[in-house]
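Next come two complexes, and both contain subunit A; in the first it sits with subunit B, in the second with subunit C.
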Partner chain A sequence: MTDMAIETSALAKTYGSKQALEALSLEVPRGEIFGLLGHNGAGKTTTVNILTTLLPASSGTARIAGHDVTTGADRVRRSIGYLPENVHFYDNLTLTENLTFFARLSGVPDPAARIAAALEAVDFTGHGQEKMSTFSKGMRQRAGIAQAILHEPAVLFLDEPTSGLDPQGVAKLREIIISLNQSLGMTVFMNTHLLAEVTKTCTSIGILSSGRLIYQNSVAATLGAFPDQASLEDIYLHIEAGTPS
Partner chain B sequence: MSPWAATVGHELRSAGRERLPQLLLMIFIGMSAASAFIGSAAKATVTEVYNSAAGQGLTNAANPFGNVPPLYYARNTVIYILLIGALLAIVIGVQSAMRDRRARTIDLVLTRCLSPAGYLGAKMTGIGLGLLAVLGASALISVLCISAVTGSIPAPDQLLRLLALFGVAWLFLLFFVALGTLSGLHASSYTTALLVPIVIWSVIIFVLPLLGTAAHPVSLLNPVTPPAAPQTGIFALTRSLTGPLSLGEQFKHVAAILLKDPQATGTMTGGITVILVFLAAGISAVVLTGRTSMRKELHD
Partner chain C sequence: MTSLITLCGKELRDLSCNRSVRLLIAFLAVVVVLSVLVAAADFRTKTADYTSYLAALKASGGAVNAPPPDLFPLQMLRAGMEYLEIVGSLFAVILGYGLIAKEKNNGTLELLFTRPLGRHSFAAGKILAALVIWTAVTAALFAVITATLLIAGNAPLTGTDFIRLIIAAAHTTIYLTLWSLAALALAALTRSPATGLVLALVLWLVVVLVIPQIGDTMDPDNQIPGGLFASLQIDKAHEHAVMANFTGYETSRDLIEQTSLTKQYERPLFAWLGIKDQYNQQSPAFVWAGTFNHTLWLLAGFAAAAAAALLAGTRDKLLRKA
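This part shows the complex of A and B:
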């Protein structure tokens, strides 16, 4: 078994004449919380969509937990959990009904037990019988993470997980992500442009600029490598500024 | 439970909670129940007029409604299947496809272990089972109403014919479910998704038969008797082109034979084949919808 949770090689995606992703080669070891940073339109969501098998790559290869996203898409799907940027559910169903459906789609043998465990993991026990239409954005994000971990995936993909949350919601979600990584050993791959969050949550980062990966290192090494920069935000801006567009 | 079975169950549960299909369903079942009584009222009115005419010595012919078979009372059901049933099927299909798009849950579904074809096939199966239950209930209500009107339970042969009618109706309506689902999967808005299959339905049910028969539009609402078909001239030519595509007329022809309409001639084979071809084409088009199309955003 490979030590890499995520491996991509010369991964590229074009939409017509627009190059959304260019020769992305990336390695994320198991057990990491990896933050993919980049400005709007840098290719972060395209990367996640390819890695979660939602979108075919134009060229290159990608492997998740050792499985190729093209030839082993079903095995990849069994290995991943996914939280889209704006997670939505069937509003006329309760949280438990929604989670039961997604658990069964993932082939979970005992949905009730897994739902209870997932809700406990995101500190959301007691909300199972509530209709989704009554949920706030923060509650939806936690429900979204619960649906993503129902089948105990090896790799968790989170697309802008803290987008639109209030400070309390952001702090709670951070706590949940770190807990999933540390107690359940899940590798977490998150897209974000909230750099303060990255410092507090991620163990390593990559910076994507106009479809190209221009930087990848651990957060600790990154902070140590740029002693003259006050924060990760400054480092990010410094790296971005040095990249020819 | 397999992902496929979970999707079937989810489809039934979700459809059961939506109001518009529920409303149409009640109308459909209500009209099926009313069918026998409407037939009975028609028979009573004609018999009364006949008795009055016969009493005045204006006719000595036998009452044409004097000895109608029990299946006569199911004739109006055919037109309700064609009109209300098909619209119900379209609405159910559109709602089913739109449910995922409006809820924006499709990415959560597509990152699970079920292919788009498997997922859409399971959805169609769920709707098909739901529709089968509806038609089963309608068939039962029809039998009860015919029994009430005639004062006796229809004979086994007649019961089988009624069941066969609802069986063919199921295949016929499933095509419209597929049409609605297809439109719901590809349309850019909910309004367009509903409008497009309704336009196609009106073309199939009304425009194509008119092109092939020169019939008066109202005659197409005649429950089972096929419209007059000219044997020569331009309409004979257009009929040969549009006839097989006139799904409604094909269904009515099959229904006429099943209900032993005295004016119906020929066999059911051609009509059933056309219905099956339409159904196969519709279901294939639905299950072959790709991942990219399924993820298309709705602009409502």
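This part shows the complex of A and C:
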């Protein structure tokens, strides 16, 4: 078994004449909380979509938990959990009904027990019988994480997980992500714009600019390498500014 | 297989809880049953007239040798079957479109397709759900129709009549499911499900209304209300002799009609129910021999729609952005 949770090699994606992702080579070791940063249109969501098998790559390879996203897509899907930026459930169903449906699709042998465990992990016990249509954005994000961890995946992909949340919601989600990583050993891969959150949550970061990975290192090493910059936000802007688009 | 059953089960639950679907099906049932009730009332009137005529004849001391009127209970279903053919297929289009549109519009496809589903499981679940729901709806409708015939029409149904009704219900299930699958395939193939719905409605318009109407307009007997040959007092034998001179024209008209799957449904349906005179009171073997080619075309259409839905409902096709 490889020590890498995520490995990509020369991964590329083009939409017509537009190069969305260019020769992305990335390695994320198991147990990391990896934050992928970049401006709008940098290729973050394209990267997540390829890694979660929602989008085929134009060229290059990607492996998740040792499985190739093209040739072993089903094994990849068994190994990942995914929270889209705007998570949508079946609003006519309750949270438990939604989770039961997704648990069955994932082949979870004892859905009721796993749902209880997942809801506890996101501190959401007691909301199972509520209709999804009554949920706020923050509640949906937590429900979304619960559905993503139902089958105890090795890697959790979160696309802008804190987008649109109030400060309390952001703090709660951060707490949940760190807990999932530390207590369940899940590798977390997240796209985000909120650099302050990255400092508090992630163990390593990568910066995408116009489809190219221009930087990758641990958060601690990054902060140490730029002592003259006040925050990760300043470091990010400094690195971005040094890259011709 | 588990994911297929899970997807199908959820669809059935959604459909049975959906107020719009329940309303459409209830409307269809009411229209069909009303049409049978009207026909049943007419049937009872004719039967009563005949009975009172016989009684009057007996009372007057005349010879009671008046032949009973040609009253065939299954022929009462003509209007109801036409509602199923036209209105039912329209509802089937809407239902099929909804199966895909709700996933695309709600944004639930991303969560579904990061699950380890087989390549065709998603579409297969929807197809199975459409088949199950139309089987259930058709079975219920035909049960109500039969009860209406027996109770309101006071119709003496025989064992063969029940078999004919079951065969008619089977044809109806295939026909309505076919329309749902065609709409499902188009909604899946087009980037915007609304575009798929428009295309499905255009297809429905052409197949259900335009082509059969062209065929009807070309029928010489339809040129005068009440029938051209009847108005000229030409009997069936002579009508066939006259039409024998126009075989090329009739073949062309027939071919045009046969391009419509609605006609491929209607012909065996009307034959089995005896609505088409040439098959009325004929043996099942005779009806089958005369209509099996239409049934096979209907099945071929169903298979094509199912294949299209299966191929269109894959991950890569459905995840294209609208």
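Here are some notes:
Please note the rule applied: the second predicted complex is superposed on the first by the 245 of 245 C-alpha atoms of A that agree within 3 Å, B and C clash if a C-alpha of one lies under 4 Å from a C-alpha of the other, contacts with A are read in each partner's own complex, and residues count from 1 in each chain.
Keep this in mind: a residue touches a chain if its C-beta (ideal position, glycine included) is under 8 Å from a C-beta of that chain, and two chains touch if they have at least 3 such contacts.
Treat the numbers as computed from the prediction; the structure is a model and nothing was measured.
Annotation: superposed three-chain arrangement on subunit A; subunit B versus subunit C shows a clash. By the document's definition of touching, both partners, subunit B and subunit C, reach A:L105.
After overlaying the two complexes on the shared chain, residue contacts for A:R78 are found with subunit B and with subunit C alike. By the touch criterion stated above, A:S210 is placed in contact with neither subunit B nor subunit C. By the document's definition of touching, neither partner reaches A:T46: not subunit B, not subunit C.
Look at A:T222: by the touch rule set out above, it reaches neither subunit B nor subunit C. After overlaying the two complexes on the shared chain, residue contacts for A:D91 are found with subunit B and with subunit C alike. Counting contacts as defined above, subunit A residues 52-55, 74, 77-78, 80, 82, 84, 86-92, 101-102, 104-107, 147 meet subunit B in one complex and subunit C in the other. Interface residues of subunit B, counted against subunit A in their complex, comprise 1-3, 5-7, 10, 13-14, 17-18, 99, 103-105, 107-114, 291-292, 295.
Taken in their complex, subunit C has these residues touching subunit A: 2-3, 6-7, 10, 14, 17, 106-108, 110-117, 315-316, 319.
Remark: subunit A residues 52-55, 74, 77-78, 80, 82, 84, 86-93, 97, 101-102, 104-107, 147 touch subunit B in the complex. Every residue of subunit A that touches subunit C in the complex is listed here, in rising order: 52-56, 74-75, 77-78, 80-82, 84, 86-92, 101-102, 104-107, 147.
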